[in-house]
Every structure is written in C-alpha cells, then in structure tokens.
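What follows is subunit A paired twice: with subunit B in the first complex and subunit C in the second.
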Partner chain A sequence: MTTQGPNPAETAAGSTAVAEPAEDAKRGNGKKNGKSALSEGKRAERRLAWLLCAPAVIVMVAVTAWPIIYSLWLSLQRYDLRFPDDTEFVGLDNYVAVLSSGYWWTAFGVTLAITVVSVAIELVLGMVLALVMHRALVGRGLVRTVSLIPYGIVTVVAAFSWYFAWDQVYGYFTGPDDAPLTQTIPSLLIIVLAEVWKTTPFMALLLMAGLALVPDDLLKAAAMDGANAWQRFTKVMLPVMKPAILVALLFRTLDAFRIFDNIFVLTKGQNDTSSVSMITYNNLIKGLNLGIGATMSVLIFISVAIIAFVFIKLFGTAAPGSDTEGRR
Partner chain B sequence: MAGSLLTAAGVVAGCSSEADNVVTLYYALEQYVPHIVATCNEEANGEYQIVHRQLPRDADGQREQMVRRLAAGDTDLDLLGLDVTWVPEFAEAKWLAEWTGEDKASVEEDTLEVPLKTATWDGKLYAAPMNTNVQLLWYDKSLTPEPPKTWEEMIEMSRDLKAQGKPYQILYTGAQYEGLVVAFNSLVNSAGGQVLSDDGTEVTLDDKARRALEIMRQMVDEGLNSPSLSNAQEQQVVDSFSPGDSQAAFQINWPFVYAATRDAKSPRFENLAWTTYPGVGDNPGRVTVGGFNIAVSAYSEKKDLAFKAARCLRQAKNQKYAAICGGVPPTLESLYKDEEPIAPCDGDTSGKRQSMVDAYPMRDDILKSLETAAVRPLTPVYQNLSTVTSKILSPPGSIDPQATLEELREELNNAVQSQGVLP
Partner chain C sequence: MAEIVLDKVSKRYPDGALAVSEVSIDIADGEFIILVGPSGCGKSTTLNMVAGLEDISSGELRIDGERVNEKAPKDRDIAMVFQSYALYPHMSVRENMAFPLRLAKVDDATVNRKVNEAAEILDLTAHLDRKPANLSGGQRQRVAMGRAIVRNPKAFLMDEPLSNLDAKLRVQMRTSVSKLQKQLGTTTLYVTHDQTEAMTLGDRVVVLRGGHVQQIGSPQHLYDNPANLFVAGFIGSPSMNFFPGQIAEGSVRSPLGTVPLPDRLKDAVQAGSGQRDVIVGIRPEHFEDASLMDDASRERGGLVTVKVDVLESMGSDAYAHFTVEQSEAIESAELAELAADSGRTDTGSDTGFTARLSAATTARAGEPIELWFDTDKLQLFDPSSGKNLVSVE
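Coming up: the complex of A and B.
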C-alpha cells in the first residue's frame, strides 16, 4: 500500500489540516517544505490511519500470523496423532529428521527442477503468446479468449484429463505395455507439460500488461535508426518490460514451487515424483504426524521467503515491491 | 496449518443435527451396502435408522476422511468401515470403542479366527469382521495339470514352459502400492518369517525374508515375470492373463479373477483353475488376509444403537448377500457350507437366484487358505510401514536381497517408532 506513490492521506493533510500552500500539496512535495509545520497534524493523521488499519491488521494476525506461529510451535514437538500420549517438546529434532532425510531432498530437487523448467518454458511461450495477442490484427478477442481457456479450467480437472490421456489402459497417447506415469522421468515431463499448458496463459496475461507499457513511438524511432525486429525486441521492448517480466516470474516461481494438484492427480508422488508440498501432505494428512508435517511446512515457508528475497535483491530497484518502483 | 484445518473440520461437523435414532455408517461406496442397510433398518423397526455416508472407492481416500474427522473428535461418526490394516492405528489413537460383553460374544461366534485377529488390538476387540479375502494361485490346467505346491516348483515349471515356447509368465501385483506389500508379506510368511513381531514393536525380518526377496529377484533375472510387472495392479494382472495370446501361465490374485475372466469371455476361462497360495521350500503357503471390519467410533454419542446396528449389518444373511452380490467373501465359517440360494441381487434383471455354490466355486480353497492365512503387520503405523515397504521393493528387479533386507530393517524400524519421514 505505502509504495503506491504519494499517500492520499498525506496530500489531504497538506491541503486541509495545515495551512500550507495548496500548489505544493498538489505537486506532492509538501513533505520537503513543511516538515516542522506538518508534524503535528501529520502525526494525528498517522494515528488515525493506524486506527483505521487496525481491524484489518487484527484479522490478518488472526488468520495468518497465528497459524504460522502455531505451525512453528508444532514443528518443535513430537506430535503424532496415532500416539497421543507420546506428545512432547523435542526442540529441533524434527528439523534434523527432515533435513537428514533423502526423501525430503529428493522432493526438494524435484520441486526445484519442475519450477525452473516449467517457469522457463512458460516465460518463452508466454512471451510469444503475449506478442501474438498484442499484435493480432484480426480476431483479437477470439485469440485472447481461446488462449485463456486452459487457465480457466480447474487444475484438478485438467490434471485428470492429462492423467487419462497417459493412462496405460485408456490413454490415447500410450500403448498397452507403455505406462509413462509409472516411471520417474516421463512422469516429471508430463507434470511439467501439464503445468506449462495450464499456466502459460497466465504468464502471457502478465506479460501483455508489460507490452502495453512499450510506447509505439519508441519502437518506430528504433526502426528508423535501423534496428531490426530482434534488436527492437531485445534492446527496446525487454528493458521497458522488465518490471512486468519480474512480476510474472516471481508470481509463477512462487506458484510453481508450491505445486501440488497436478502431482497429486498424475502420480500421487510415486516413483520419486513428490514435490515438497506433496511430501508434506503425505506426512501430515496421511501419516498424521503433525510435528514432521509442520516442520516441512515451515521449511517450505522459508524457501518461499528466500525465493522472494532473492528476486528482490538480484533485480534491485526494478523488482516489484521495492521502494522506487511504484513511484517511477 | 494442521491445527486450523482440524478446527475447521470440527466446526463444520458440529453443525449437523440429526434425529436421535440415526446411526451414521461411514463405509466405502459399494453396491451391496444399500441393500444390507435397508434390511437392517426394516428389522430395527424404528429403534435405529442407519444412514450410509458414502466414502470414496479408494482406500487412501476413505482413511483420510475418517481420520481427519476423528482427529477433530467429530461426534457425527457412529459406525466406521475399516480396512483390516487400520484397526490398530485407530485403536491406538483411541478413536474406537471396545466391543465387550454380549456384543463381543456375538462377534466371536462362528467368525473365522484370522479375520477376528485383524479386528483385535492389544488383546481387546475393537471391530467386527464384515468380510474377508485371500489371494489364490490361478493357473491354466492345460499347461500345468498338476499345479505347483511351492514357489520353487512354480519357477521350475515356468522355466520349462518358457523353454518349450508355451505361455510361462508368473504374474503378481508388482506396482509400487499396497499390492506389492501384500505380495511381499505373503512370501515372507510362507517362507516361515514375519515382518513385525506379534506386538508390532519390533522388526523381525530375517533369513526367511531374505529368501522371499531372493525369489522376487530370481523371477526377474530369469525373465519369468511379465515385462510390465512394475506397473501391475490386480486389474492389470487379470487383464494380462485373460487374452488368448497371453504369455502368462500363473497369476497370484484375489477370487474376483473367476468372475472377471468369465465375464470378459476369455478363451482361457475353460482351462482356468485355482489352488491355494504356494509355499516356500518345506513351509506351507500362508497368504495375506484382506477384507473390511466395522467399528464403533469412540466419539459416537449413540454407541448402544451403533453396536446393535453393526451386529445387524454383519449378520449371516447380510454377509451372504454381500458375498454373492458384492463379491466379498464372508467371515462366518458356516456360510462356506451354505448352499441355499438367495433372492436375485438388487438390479439383476435376469432374476437368477444364486447360492454360495454358484458364486464361489473356489470357496473350499478360500476357507482352507483362511485357516493358515497371515495378517499384515499389526501396528498403528501400518500406513508408514506400507509406504516405505512398497517404495523400497519397487521395482522388484532392483532388489538386491541382502542390501534390500538391511534397508528394509532400518527404514521399518524408523517407521515402527514413528520416526523419520514418509516418502
């Protein structure tokens, strides 16, 4: 919220609560001139702002912070629903158990591989699709609608149609002795395919928003200077689109890292195809081991936080959520 | 996250209100259930009314639904349909009401010993056996008029048949799932071993288990299994045996093979024969028992009615209906000698009145197998044990008897102590 340019409350404060030149307030630089003059009124406004936010903050804490804290607390306990009498505080034992488990690291590797491969493919295909949708001269509406259909289908339903397509008995992509969904690499490829098919339109949508930012004049000027189509794409369009691309990449990476439904339907995590979410589900819901399950949830939470952090650090000011981005 | 989930389940469940005499039955979606529920409701004459809440067809889905609600202390569940492997888990978690007194006596009467063992945990009866099941050895009597008595004999016959260019394959459920655990458990027990100690606290895999692993590996090495062994579940096994050009000579599978092969109009049906599960060396075959039990939830607020309803649901005439019309063998010994036909099954338009003799030509062999059958390891952490076992044994071609045995011992030991991580 606070990064979305000049705060309307601040502007209002500048113009009404305090005697301040109206032009300054309108230009949004009241802050610079009237630091001391503003302070009292501004403080009151801040207080009001906090009070106004309070209900939302309380709800957020109740529905987000509390479960996170409770998960952390569970992860420090031996807590298996099948042995209710053996529940006890065990410190970091669960973390040791999970982090020293081959199953966890296999799942982690599989998740990373699926994330990197599918997001990379989606970026390329999404860009192509975005360009097509952006440039389409005839039937633009139709092209956009058609390409968005996969995104509109419920993931589980789409996953089931992929499942039956590759099924040993009913599948129209397989023969009677051919069961790709029971082998690791073919299964992973099918999972990536299902992911890409499903979310490329989403990527394209986000990228299209970026394409709209590229001024036609700039492209025309570049063309006038002798830049060919590829140069115009890499030297003009991509730099201007960078923020949009980063948003798209960040969203999809975080999303892909939490992949669950496609794997659940396609392989149930058999033959080393579990993602971290899948293995967490197996331990928590199937295995009834709240301690280990909560530990895994916390580790996923940390991984996701790291991914977000890396995006923001690596891409600096252009990254979504960084201070300057919104005020450009 | 788990906490909020569980609370949510509790809140949702808490909202339902029902008439005082309604007993809910959480049982898999099976075609014979509505009939036996209706029979009991009629007999109860208003004392109780059973309402069937259908659970998914797959075992994991059934277990998950019940477990989630029971973990939240849901009082809405009265009767639970439990796979034979779930009783220790549910009992240890204190989710099941114990059967005592007259209820217990009625369950013990006429019920076969091995199915009864699957309903018992820690010396107490926690469930009533509804139906049972055992795998048999199915073979082609034109190829092997005298069926093998041991795995060694079967391997030799298969080898000879292969050399003669005849169908030779030995089929069993080798995919990475519960079926592979059943196959392994039957082999270990037939070799004279056991996976866990009787109290379920110790891993007892020894030389005998090693022998079981050797047999599984040897068949792959000699190419005596089907190439799709590592994808084979029950249905694939019967499907690879039925066609006229099938390369299979033997299959280890449940009794549904008989009806499935007949209904598929398989050219091999006329030579299809069966016998009990083969032994290993000098040891007789001990096949793994399957089936379903019915239990009363510890959180039920109508336990008295629930016990009554459960007794009604598993009474002889209902078990007989389920056996003939639903294909699940009964747990009452007397029904294996019963030859009285019943009224046509619901929905059967041919009006055929079948008896146990028509539906179970293999009933003597089922009964014989049940007398010596092995239970799957009785432990609250069976789910972990099963997941880990099928993971380690898959695919059977990758088994290295000594190394696999050691890996199994270590991982199962972790599982039994509910330590370590599930794959």
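Coming up: the complex of A and C.
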C-alpha cells in the first residue's frame, strides 16, 4: 500500500533537490578525489551543504525509502494478520502466488485498459481544450476557470456524483431495468468517463504550457510557407510541443495506472472491474494479508517504474526538472 | 515576379485604433521597397497585411492586378522572412528549406535540386543536416532567406530580418541581401526601423509615421528633398539640425546669423510676402570648420561662431556637438516623436546640435570655433504644419 503512495515524479524531484547542494560543493573544490587536498574552508562548506540538506534527506528516508524497503521485506514473508503466529520468510513464494493468479492478471488488464483509453481520450480532449483556452480572445479567464472546475473537485465526491447518475435506483441516466454499474464493460466505460471528466483539465493545463512554447512567428511562417491550419498543427505545433506532450502523458499515465478512488466508489471492484491498486487494497487492508498485499504493491511500483523508464528512455521525455525540458 | 499595389489600404483594430491609414504604394516588378519608420508607425502591420497575416480593414491590395484581400497567405505565393527567423526547431536546415516545397507537393528530385541550389547561393551547403539550434545567428538568418527563395515566390516580405544580428554582421548581411535581391530580381518589401538600412538597400523608401505615409522616393531624393520635418529628421545620420528662424526680404535670420536665401529657396517662399516664422534645417555634413576653407568657398556660405561642447573624432571625420543661443525652442510634434524614438528625450540632450567636420579640424572641446555652413543646402519648414516650404515632386 505504502509503496505506491508517493508519486515517483515527486520522489525524483525531491532527490534532485537534495543532491544539488552537494554537487555545488563538489564543483566548488575543483579536485574531486583526495580528501587531503581539501582546504579547511572547502571542508566546512561541504559539511554545511550536508547539514543544510540533512532535514530533507531525513524526511525523504522516513516517508519514502523506509516504506519501500519495508514493503520489499514484507513481500518476502508469509505474514497474515489473521494468523500472526504463522509468520515466516518464504522468499519469492508470494510473487509466484500473485503472478500465477488470474485475479492479478485480470486486474492488471483492467488497469492497463483504463489507463490507455482514458489517457488517450484525455490527450485529445485536453488538446482541444488547451487550444480553445490558448486562442480564446474573449472571456479567456472565464473559460479557464470553468474548465478547471472538475479538477478542483475531490475525486471521491465527483465519483459519488457519477455513482448517483448511473445507479439503478436513483440514477438519472438509468431506468429501472438498467443497471450499468453491475456489468463489466459499461462499468469500465463509466469509470473511464469519470476519470476523463476529472483529469482532462489537468492535461489541458500541461498542454497549454506546451502551447506557450510555440512562437507565433513559427505559425505565421508556416502559413506563409503554404501550410493550412491542420498542417500547421501537425507539422509545426505538435513537434515543437512534443516535450510538453510527453511530460503530460507521463504524468497522466503514472496517475491513471494507480487508479483507485473512482473504482472504489463506483463498483467496489465488482464484476472484474478491480484495478491493481484495488486488489492490493483488498488483500492488504480488507484481507489483512500483509505479505501478499506488500507483494502487489511492489509489483505496482515496478510497473510504474517501467512506464517511467519507457517514457524517459524510449520516447526521450525530458525528466521533469532536467535541463533539456522544453528547450528548443 | 509581380507588381504589388496597395490602394488606400487601412487597418483599424476592433478597439478602434487606426494602425495604418490609407497607405497607397505602387511597387513595380522586381523593385526593392523599404518601409521605414519609428516603432509603432504601422510598417509591420502593413507588411502583415500584404502577407495576409492580418486582415485589411479597407482599401485594396492587388498582386499582378488581381485583388487578393480575401486570399489566405498560402494562396498569395509570397515568402516572408521574420525578425526571429521563425525556423522550425525540429527540422534540419534542409528540411526547413524544403518545407514550403513539400507542402506544395513538389517531387523529391526537384526539392533536392532547389534546396541544394539555394544552399549554394547562401553558402549553407555544409550545414544542411544541422538543426537551427546549432547554427550561429548569421547562418540562421541565411536559412530563413533560403526558405524564402526555394520556391521562387512572387515577392519577398522581410520584417526586420537583420535586427537580431550584431552590428558587424548586420552590415555584411545587408550587402548580401542586396546582392541576392539583385541576383533574383524578385519584388521585395522590406521593413526596418533603421534608416541606414533603408538608405543603403532600397530602390525606393516609404517613410511611415503614425500609420500615414510621409514620403515615398529614392533614398537620395528623401535625403535631398525631405517633404517634412519628420522625414528630414529621420533620414540621415547624425540627424538634421533644426533652428527656429524668420525669413524677411530675401534673407533668413536664425541663431546661425542672417544669411541671404539661395535662389532655390527664394523662388519657393516668395508667395509668403513679408516676414514669416520658419524652421531652418541643416545637416551636420553641411557644416565645415571655417579655418579649413579657402576664401572663395567661404563666400558661398554663412559663418557662425559656436562653442564646442564635445568633439568626437571618428578618424575619417569629427563630430562637433555644440549649442547656440536661441530665444525660443522649437515645438513640433514630429520632432518630439523623432526625439523620443531616438532616445534623445531620455538622455536630456535634445538642445544640442551636431556638425560633421574634417578630421583636420582645430576644434577643441570647450573652445569656440567658427563654423561655415552651406546655405545652398538649407531646408525651410513651416513651423505649424512641418511641411517643407520648397514643394518637392
């Protein structure tokens, strides 16, 4: 449970912030090796650097590193709170159990499907919204505020309002014989809808920052060169804002992969609509099986790390905060 | 190749601001026309209207006799070079230059041939596979030119293409732009705020102020016969000196002393009989150190003794900055605008005058000197309207 808590992006940003002062100190002394070569002043400076970032390091270790390590350790144990006396180190047995379970793979497939579909829709809608907000001549402030309202609503509250919209008894989108939230595919579609409704504004915000990277002159030049509106969009605008798009996609994919609240409220994971976070919760909190639950959270952690790796290494997404971000 | 006609073209923004007012210019095929003026004079707006990037509020724009007001930029067959160069950062130099051809669905062989030709002309062959980010300012500027010339457009529009270059490179590129235009013979409309570029590049120069055309003519014509105070002050560097004065009985009285009017001016101002106020203009280069003149030459001009405040030696010649005692300062909106544009109001030196003297001058800062000036070159302006009293054209 705890491992997926901290956003990896935040973790990364946090650790760069920690590393920076130390690097400054290193750069300052010129010679990296040979401690004896360090002057008294340099040594004091380095000590000060460590002292200054110590609080941050301690907090990071306490809230991130330790839970991760502890989860790893738990995942290697048979540890069920219903049988606390039967605790034993079992090596990778928990992993074998989870990875050979149909439940895990169903949840994994559902999570992947929700992620891909919702992020794809969000990208398209977010781009449209960003273009509208960027181009809006009148009422730009109003348009931006209105479009950001969904993002300002707590996910659980929004999920409940969707729940009441689609509920068989109270739902205003459904009739008495119509219970979409009890069927797998309609449920998943509603979950995607709730997810898209909620996070499209966030996508639009990130993309709008990318649009600001495209100089007006570039679009004018393309118009002079003979490009129509669609060609200007695909051949100039999109390539130039590609770094921003990739960052937005990375953020949203990582978030979407950890989907929990919407499913929890809308279906409670019934009818094969559980995400990986959902079944982890069920095993860890409801089932009190710390070993299996920890194993699942480690697997989620690994999946998220793989997604981030693919984005950064294969698609060349600039890691947030790095030098190359959004540079032309 | 095309002739471009602006027929009373105006631009009014939705908020009512009039950016360009009834500008009429006939641009002949192959001509190099410069739009020049201080910032906010409407020159870029005019260019954008020709390009199709801004709508024309009223008036007509014709390219080769055909009205193009409603045509999209891509249908006007005009290429534009931007001040920022506007190179596509994700494309190599080759792709940047090929972009307009690719959009026009030209076949690969032709694209390659044309890009290579353009690269040859602009000396970019070695850089074709680099990205714009890895090029120097001058190279980027050439790529922008290359992108414009590959498709043989009807006309080039250039919006301050040299302004982002450093001074030395700007002079070099100025020459190459001029050479390129002569070589290709393509109609060119070039916007600049730099009067030196305007003077050196253009076949004809259009001086704009506040959205109105002040004067259109060859650089030399504008220099010799400025239509009004604004053009007189804008064209020429250092700019023209202006003194308050009166004309009466065939002579002109000013802080420079009383000198007889040359024949050229006598005829022109005869209509206004009796005494009248004028503004007297004389360019720095029409002064000379009187001690360097032979007597015969001195006869042909006026003499005035002034105190030199600052002497700047340029090697080839020397600029003497001086003040004269004058009863009243000249009040003119046009001169105020010029002063604001050149930053003179910021430096607080708007009362100074400049004379360009031979390097051999004996002038010393803080000491008086006798200056000779060429009365033939005097310009007289009406103080209220700012118009040149000698009607030109």
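Quick notes on this one:
Note that in this section the second predicted complex is superposed on the first by the 265 of 328 C-alpha atoms of A that agree within 3 Å, B and C clash if a C-alpha of one lies under 4 Å from a C-alpha of the other, contacts with A are read in each partner's own complex, and residues count from 1 in each chain.
Everything below uses one rule, namely that contacts are C-beta pairs under 8 Å (C-beta built on N, C-alpha and C of every residue); 3 or more make two chains touch, one makes a residue touch a chain.
Given the structure is predicted, the values throughout are model-derived calculations rather than measurements.
Judged by the touch definition given at the top, the superposed model places A:P55 against neither subunit B nor subunit C.
In the superposed three-chain model, the partner touching more residues of subunit A is B, compared with the other of subunit B and subunit C. When the two complexes are overlaid on their common chain A, residue A:V236 makes contact with subunit C while staying clear of subunit B. In the overlay built on the shared chain, the residue A:G152 is in contact with neither subunit B nor subunit C.
Shared-chain residue A:L288: touches subunit B; no touch with subunit C.
In the superposition on chain A, contact is made by A:P215 with subunit C only, not with subunit B. In the superposed model, A:M224 makes contact with subunit C only, not with subunit B.
Judged by the document's definition of touching, no subunit A residue lies at the interface with subunit B and also at the interface with subunit C.
Those residues of subunit A that touch subunit B in the complex are listed here as 67, 70-71, 74, 80-84, 97-98, 101, 103-104, 168-169, 177, 179, 182, 269-271, 274, 279, 282-290, 292-294, 297.
Residues 215, 217-218, 220-228, 231, 235-236, 239-240, 242, 328 of subunit A are the ones that touch subunit C when the two sit in their complex. In the complex of the two chains, the subunit C residues touching subunit A come out as 51-53, 72-74, 78-80, 82-84, 86, 88-90, 99-100, 103-104, 133, 147, 157. Those residues of subunit B that touch subunit A in the complex are listed here as 1-4, 60, 63-64, 67-68, 71, 89, 92-94, 175-177, 227-228, 230-231, 236, 239, 380-381, 383-384, 387, 394, 418-423.
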